[in-house]
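Following this message is one structure expressed as structure tokens.
So that you can tell them apart, the chains are marked A, B, C and D in the order they are listed, and the count of residues begins at 1 in each.
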């Protein structure tokens, strides 16, 4: 009890919790869940964009996309390391991904169907991620907060690059404009879903706010994202696919339509276009790589025994 | 001795040798070698053309190409059956293909690099094959001769289809014409090599002629092919890549340049673009299919035992 | 609907059926020289050929109604991923032999029922294509059904692979039986088939076969759909890159 | 040679080097999300990125000399298989991890020697690109060499796979060291590298590594060549279908 109270005092005083500090078991579990979900999202997120690296329409765009996906791998690494500070191994994290007990962002279960999707993902998906991550820079767990600082710097590049892809398309041919609008039509609502259920329906929210694992609620963050996106869309002639989107003078925010939570549930429960494939892809690569990992272990082992001898 | 003499008498009298007839061991071996090489050529020949089925430029051409490759599979089946009449099994034939002891036509070690290659293969490669096969319709071994009759009918379709592909290209854009000419440049000499070494250098020829396994010599058949090809090339504006090609009034045939036998030997000895891949492809498909073949056996076995019970 | 509108609607309908045939035919044609033995190579190529033929018939009719210089080839080679309207099941990679044959069997049972209805279409062109196709499909079905029994009743390995294929495929069957307004409208005037009405017969047929083969088509706890509105899997784009390369690289040529 | 002819010859030379980098970069980029563990995914993507950058530098220079509105992108996206001049080894499918790393190591040793010479080219653009590339390659080489030791000295399985990869690759190394007239001419005026002169040093370097890794590069009893004259394997066409699809499907657009 005393430990718990002291822990909460530290949180309230905006102290960062560090790996060796005492923490409630639920806090630990909650964070492992959140960080691992975040890590897996970076890693699984390599697939929908990786799908277009070999088809990028210019060498410049190809280089930028490659660099971006590389950054995502890097983010995955930071985040796995953060999670590992809580006493879970990478192998365990990967196992949970494969057996379905760990999640990743649902948006990566949507397929990438045109080059414009690289723009929409950069602009909207990375955009939504940043809104969330900026807020998480002040999360109470030290290693996680520090990961977020590093990640945020890179993500804002990604968002600008995505936006630039769409801008270029919107300045192009009729077909290109249609391609850009179509991508935004498909990714807008799933991006809003990225912030999670409404605050009232959010299972983990209240406790997470108290522990300052989360610093702003789902709905606050979502509103922020909507507000910033409307202006950006208008600037390049894109229409956001929501007839209810309108400026609310009184609130000082944009009102927007209700999210189709049935669709969200459908995707969560396995009916997204790519649910099975994303995990199967990861599992295949992991399985195909097992002989390589074994080889390194054996090699290092031999080296050590030679050094001892 | 008496058997041998009697056998040769039958051959000389143009009687067909049938599976149950006595035959010299060397005749049997020679024929197995020749029929299996022919069968394997049909089967391996599916690969270079199969390489363009998914990229055929019109649906009509795709259907024609599919039908052609299907015919090749069919020819492979007839020929394996002919070989099997001489007491060798399909599995043994395939094993010899995989271990390199059985050959297939060297021309299939050349890669198909453009759509025009489908034209060149049909016109030249099938064209050369027909010249050979027409002659083999009168070969002394009955089952083989009958296979040839069936096969020749279909092959002449294939040749016309190939020629038609080239004709269409030659009526097309500058790029299409160049594509057609390039394909002919690459496939002309290898087609001439299909008839094998000069008669003087041919290891098996004399005995094969005596047994009427072969009815015309390599050089006779090659000359026939050259003569017919020159006119066909001219008709659609293609140039055969041989500066020495010229009409010889006295011989009543076209003279042509010397084949680059060093190149032929290079390809035979493993330096063709596709030697390793053709066999590896066949082996992979065969290995991947082993569980299917096992399943049929097990299923038939179970059915039989149910019927007995 | 006005005459002109009806024609355009039928054109879209024929396009859908053509896309189904084209894309499945493509996947089947990938088996060429990759079959488990030569007879099967020949048989799979043969089915592929039937589907390419069917695609040509439907696309040709769609092009004719569409006008504006459309041809079977412009429809096959000059539309991008989002314009294709085939069911998602058809575009899934060929997988192993069990996957290809399980998909084929599920679709053969579906096609047999579908074509038997399309035969009665008031649109005589569609009815004519259906007549020709139905004969092919009855042959395909005999073959693919036999393979279900062989694989299900063969070895442990073949049984395992077949069951795995069905686990993967089940969620893609849902959209085969879902109608949209366009098809409902055409259905009302006796042109299109009410696919939703085929489900019970289909399910009972496949259930019977799978019971005999000792495997199960898992209940649809998930369903991926969108083919008819061009919402595809990531596989189709790669397929089209290959299918369309020559036409795209040398535009405006005759071949 | 006349000034103008020299420029055009150098343009072809730069194009060759650009094609090598572009095609190998493509194969490496296919590893994205397919590596054996995340660090390696990152590392392979990084090498791919270096090669794409190198391709851009060479192709850009080739385009500049070529004129007529050529750009790095028109060269990468608007030529067909027969116009590409990369070595055949670069276009072979990625294979397993052992194959990709063995190819990379063979090429890294080659590139290290080649770039060290190109650094001294009288053509300052080529020398400049070489300088930047040489730094990258020395990093790549350290990595790929280490992997040869790890795989050769790891498990029986990794040793077997590495040896298999070398058996497959050996015949493709010959053309790395064969000169044609064009390169000989440029060599004479101090622009190009005499690749034939690199063989001994290359062979001694790889032999040393392979001895340490307990594998062998089999003697070249066969040699497949033709990349520099556009006589490719069947793999390149499929690679290009993917690489060029978007540009081909929507011609004349900015991206």
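The criterion applied here is as follows: a residue touches a chain if its C-beta (ideal position, glycine included) is under 8 Å from a C-beta of that chain, and two chains touch if they have at least 3 such contacts.
Chain by chain, the UniProt names read as follows: C, D = 1,2-phenylacetyl-CoA epoxidase, subunit C.
Since this is a predicted model, take the numbers as computed values, not measurements.
In summary, the chains found to touch both subunit A and subunit D are C.
Greatest Cα centroid separation from subunit C: this falls to D.
Subunit C and subunit D have Cα centroids separated by 42 Å. With each centre defined as the average position of its C-alpha atoms, the distance from subunit B to subunit C rounds to 35 Å. Of all residues in subunit C, those touching 2 or more other chains are 80, 237, 241-242, 245, listed in ascending order.
In subunit A, 55 are the positions where the chain touches two or more neighbouring chains simultaneously. Arrangement of the chains shown, judged by which pairs touch: an irregular graph that fits none of the line, ring, star or complete shapes.
Here, these are the chain pairs in contact: A-C, A-D, B-C, B-D, C-D. Within the complex formed with subunit B, the residues of subunit D that make contact are 80-82, 88, 168, 171, 221-224, 226, 231-234, 236-237, 241. On the side of subunit A, the complex with subunit C involves touching residues 48, 51, 55, 111-114, 182, 186, 269-277.
Interface residues of subunit C, counted against subunit D in their complex, comprise 80, 237-238, 240-242, 244-245, 248-249, 251. Only residues 43, 46-47, 50, 53-63, 66-67, 69-70, 73-74, 76-77, 80, 115, 165, 168-169, 171-173, 175-176, 281-282, 285-286, 288-299, 302 of subunit B touch subunit C when the two sit together in their complex. Residues 22, 26, 29-30, 32-42, 45-46, 48-49, 52-53, 55-56, 59, 72-73, 76-77, 96-97, 149-151, 153-155, 157-158, 161, 242-243, 245-247, 250, 252-255 of subunit C touch subunit B in their complex.
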